[in-house]
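Two complexes come next, and they have one chain in common, chain A, joined by chain B in the first and chain C in the second.
Let's turn to the complex of A and B:
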């Protein structure tokens, strides 16, 4: 146990923290290298709107904005101020939705994104992997061939097209699902009412279906190519010669080993859900992080963009860290050392 | 009584890609018998059809391998099995592992890398006999492993934690859980160093002496044949060149190819250089006509180029396929 902590856990924690530090530092630096000055942009926008301000007022506004954007002081001072605010959980006010704090807006949007993306991801992962392995083990099976063609087709279509097609078919031609949003416009989220939860679920069907369909195709194809290599491995051929039952071979010999890289991929995908599903959320008018990010890009709200990026960095780094710790449970060839 | 009789077996690899078909005549008209309680060797250089022959007689025929003609008949104490007719289900239920087990070529990698060795034993026993009492199964497996001189620890190890020689021994232990009538061992000592080779060969010999079954040992290594086998065949380009008790093969080889093979072996104390045989083995996709050895044979005659020599019995238990020898001429 002591060896595990010293040789395995601590180096990985250091790695994890370094990754987050470098990632966040880069997201801090990159916008600052851009040749635009957000304060000047804001000021000139005000002037361009035609409001006649005396130079003193402009100067005061410039100072206020500089302070607000965290741009006062030398670059080093700014950088430390940024970290100290970050540790207090303060990501600054949203510039597009002034003065609501970024963390509050993300906090509102994130649950919607997570409740949609995580189940969709896990469902598509399970089904995609299962059918992918099945279809490469039974290449002659007609039904599986049909599934494969569907998976390939859906996967090769951009997912927002899939989203629009589903929307047109199931909301317009066959109007069984609502058009947009996570709940009807004008209602307030009330998590104690069953009716609200049901409409919420109803609103989530099409976005979830899009994600599951597209995800299924991806996992299916990945798993199929992984298993088609494993099928010709000696230990699988041997299991067949030994006369083991096909189901036994499929589960314990083929899926068991093919699953390992897919698990890593799943962890990475779980990490990326924090940045939302950008265009999908826009198509469905879904109030998640993706919609937030798109709006932030349009309105030059770079404190919001940074906030979302930071969440995403922490999400991915945490997922990788956790899978790193858990991996030896799945693959005995990897040991804590 | 024969355990296995193979008659006039022809098995080709037939592939077709972009309209070009290609046929590899890997096994071309082979007939031989196996008897209970013997170690029978199959020797021959790489790509002469040894592994293909084994695939057919062990019932592992998969596209593009195809049997064109011939028969492969087993007799397991009165239970007759026609390997080319038997259903996949019956084969799996009654024959595989219970009657015929197989130590695969490259059997270092036959173990599932992510499961413990005991799990592979468990899978095999569960499939073929069922496990009702887990404790009894564990006891029996431990006893089996110990009987073969392996430490009990290997059962709880993962394959990557075992050495190559140990994995090979585990593969042999797996092949002998049910005391099958026939154990096929394909290159069981290749890729092992000589000390480990010796251990593995001893193990095979001991198992055979203990359970009096038949071992079909395939290897290109003539030294292994000299040490282990009772009878052997020399294959050349998909056909049998010569078949005889191992002693006769080494002491009085008849076929020119066998003679070259034996002469090429180094002897302790001898200082002369070994001559190598000119030419290279024929391409089985386009083999030479007549005797397939004729382009390299020092005694080549006109009829060798056109007529395929029959495998004739020249002495008791000694058969050779060469135009130099006619029935009982020696």
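Let's turn to the complex of A and C:
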């Protein structure tokens, strides 16, 4: 156990924390290298919208917003203040929606993103891997060939195009699904109501279908290429020679072996769901983190961009860290030592 | 000896079972109360669809939902979720079009502002009998308190404005406030006058109990308009307003009956979805869509109407998209070069690329919208026809009076009968002339300025590169981006070393002067009123900021001229309604044409499209009582003219 802690756990924890520190620092620096800043974004938005402000008022507003947004002081001072806040769990106020805290806004949007993206990701992962392995092991099967062609075609289409096609087909020509949102206009979310949950699920079908269709192709191709190498391994050939059932060979010899990199990829993909599916959320009017991120970019909302990115960095880093720790459980060949 | 109490398989099974149990929505495990029975026609509980006007909020989802503090500095989508259109009210309104009873409306004020002779005092007399939605009367206390609070609270939107202008105030009676100004200001009333937005009145009886007015969310908002908040989506997708029972005690009541019972502002998503939603009659007023989307509605949705009954359909906003030059950049600091770049632009191609031809062009530096064609474009037409510039030492007439006609002819090739043929209608809808597309004259102008051509590209007189990347808006404004792409193509053809630099938000870049040219706007006007001080206040050399410093207001092109200063100073000295204002405005237009600091293109056409399935009475070119573009504060006047069909 001591060996495990010293040689495996502690180095990985250090790696994990370093990754988060570097990622967050870069997230702090990059928006500040942009040629614009949130104060100018706000002032210019007001002027561009035709507000009547005299020159003195504009100068005063600039100064007031700089102070309010905590952007006064040198970048280094701001950087330390930022870490100090972060250690207290405070991501600061959203600069595009001042003074609402970033954490409050992300906290409201994140459940929608997670409820949509995680099931969609897991479904596409399961089906993509399953059919990818089948397709590789039964190359002559015509039905699987059709599935492969469809998967490849959909995968090569940008997912916002898939989204719009699904929307036009199933909301307009065959109007069986709603146009937009996570629930109907005029309805308030009520998670204690079965009616609301069913409506919510109905609204999630097209966004989820988009993600599943596009994700399926990627997992399919990945699994097929992994398994095509394994099929020719000695132990698989041996298993066939000794007459084991094909189903057992596929599941226990081929898929299990190929699953490890796919599990890593799944963990990393699960980590990235914190940043949302930007364009999908915009196309479907879905109130998730992706929609927040796009608005933040347009309004140079440093705090929000950093908040979302921090969640994503921590999500990916944690997922990789956990999968590192859990590998031996999935694959007995792997040992901590 | 066993190392583990659980085998690897047992651990995995137990983990899977635990995760599945935890992930199951607990709600599914208990009996769920059903939502109260809703009729399918209801847009919200108790709100029949035919009684609810649904409009697009062009700022999208209102986040954070539930914040209605319109006075805080900065912009939020909640400003235009119905708040400034339905619930707030201001002293005066200037309509961007003709207005219900003329362009000027005394809303909360009983009469126009009364200035003393040297414009150091402004007296406001308020209308009596106006009430907040909670039954408290609106009085001078509210106006006085609004200004006092904003002036003394850094972080409020107009703090600097009041701090720099207002010395003190007096409140001689319940309905009068006198402002004593720190310096003469003949346009001080503009801050209280809605053109899109303004300083709206605060309810003193609410805000005086608030400890931190910056953090205060003003939820639910106490309304001074004809509507009050009924409900909103916590995710900001919709905000529902309900007509006040006592709407007769609001400022619009004297103009007609407020017939629409419910109003909802929604985030309908991207342009294509707005088109689909209106075709399904789920969105009554679209704020804006792509030209292609508008053409689709014109062809497939007979119930959809626009500002113009036919091509170009769109409402021309009193905003002037233009090619903006940084007048400090080498080359662009020469008038001849700016004129050469203007003559290198083919306005027909730009109009077709941007709006599929559905543009309203302007050769002069004010938008061809509202009352401005009468104030400026028509009076200047003879002058423009005779106007000359020096090209190679010879007089050259750059004006092409047939430009709009040529745009219509080209548009007709793809849109056929949708494009009118009557020249008078075309002039009204598409504008008059523009500048010639004359590459020979442009070339001579470049040579006159000392520019030279090297390897097919224009270079500065000293032989160094003359690069003119054109900044534009990307996803945020595809129409402008398409116009910019065509200008780049025109310039490249002329030998300019140029590229398209599309940015999501180019405004701060322009403000800082870190650009060479941009397709955006620096000129916005009242639309209904001819006074040009609205934008010229930023163009005086006393507020000039060189590149590298952030410009004050809209002089991002860094233009200054002694004659311009004289015009602005004269405007400052005269009353807002002085007829001399138009004369000075015409002088400005002539100066701007001669100097061409920016190349005006067209009005900012907004494809606001209204569905007549449930409601009628929308504003149009034939009944231009207000601007239909739904995020404008001025659209409050729509609600006394729009009538439900079911009534």
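Couple of notes before you dig in:
Definition applied: the second predicted complex is superposed on the first by the 292 of 337 C-alpha atoms of A that agree within 3 Å, B and C clash if a C-alpha of one lies under 4 Å from a C-alpha of the other, contacts with A are read in each partner's own complex, and residues count from 1 in each chain.
Just so it is clear, a contact is a pair of C-beta atoms (placed from the backbone, for glycine too) under 8 Å apart; a residue touches a chain by one contact, two chains touch by 3 or more.
All values reported here derive from a predicted model rather than from experimental measurement.
Contacts of A:164 after superposition: chain C is touched, whereas chain B is not reached.
Legend: residue contacts after superposition of the two complexes on their common chain; A:332 is shown touching both chain B and chain C. In the superposition on chain A, A:243 makes contact with chain B only, not with chain C.
Legend: residue contacts after superposition of the two complexes on their common chain; A:190 is shown touching chain C, with no touch to chain B. In the overlay built on the shared chain, the residue A:181 is in contact with chain C alone; chain B does not reach it. With both structures placed on the common chain, the touch criterion links A:225 to neither chain B nor chain C. Judged by the touch definition given at the top, the superposed model places A:257 against chain B, while chain C stays out of reach. Number of chain A residues touched is higher for C, counting chain B against chain C.
Residues 330, 332 of chain A lie at the contact with chain B in one complex and at the contact with chain C in the other.
Only residues 8, 11-12, 25, 27-28, 32-35, 42-45, 47, 54, 60-61, 63-64, 67, 72-76, 154-161, 163-165, 185, 190-191, 193, 195-198, 214-215, 231, 233-238, 240, 264, 266-270, 272-273, 276-277, 279-280, 282, 319, 476, 504-505, 507-512, 514, 521, 524, 534, 537-538, 543, 550, 552-554 of chain C touch chain A when the two sit together in their complex. If you check the complex, the residues on chain B that touch chain A are 58, 60, 91-93, 96-97, 102, 104, 106-107, 109-116, 119, 123-124, 127-128, 158, 160, 174. Against chain C, the residues of chain A that register as touching in their complex are 35-37, 40-65, 67-68, 94, 96-100, 104-105, 108-109, 112, 164, 167-168, 171-172, 175, 179-182, 185-197, 282-285, 287, 291-292, 295, 297-300, 329-330, 332.
The part of chain A that touches chain B in the complex is made up of residues 233-235, 237-245, 248, 252-253, 256-257, 260, 330-333.
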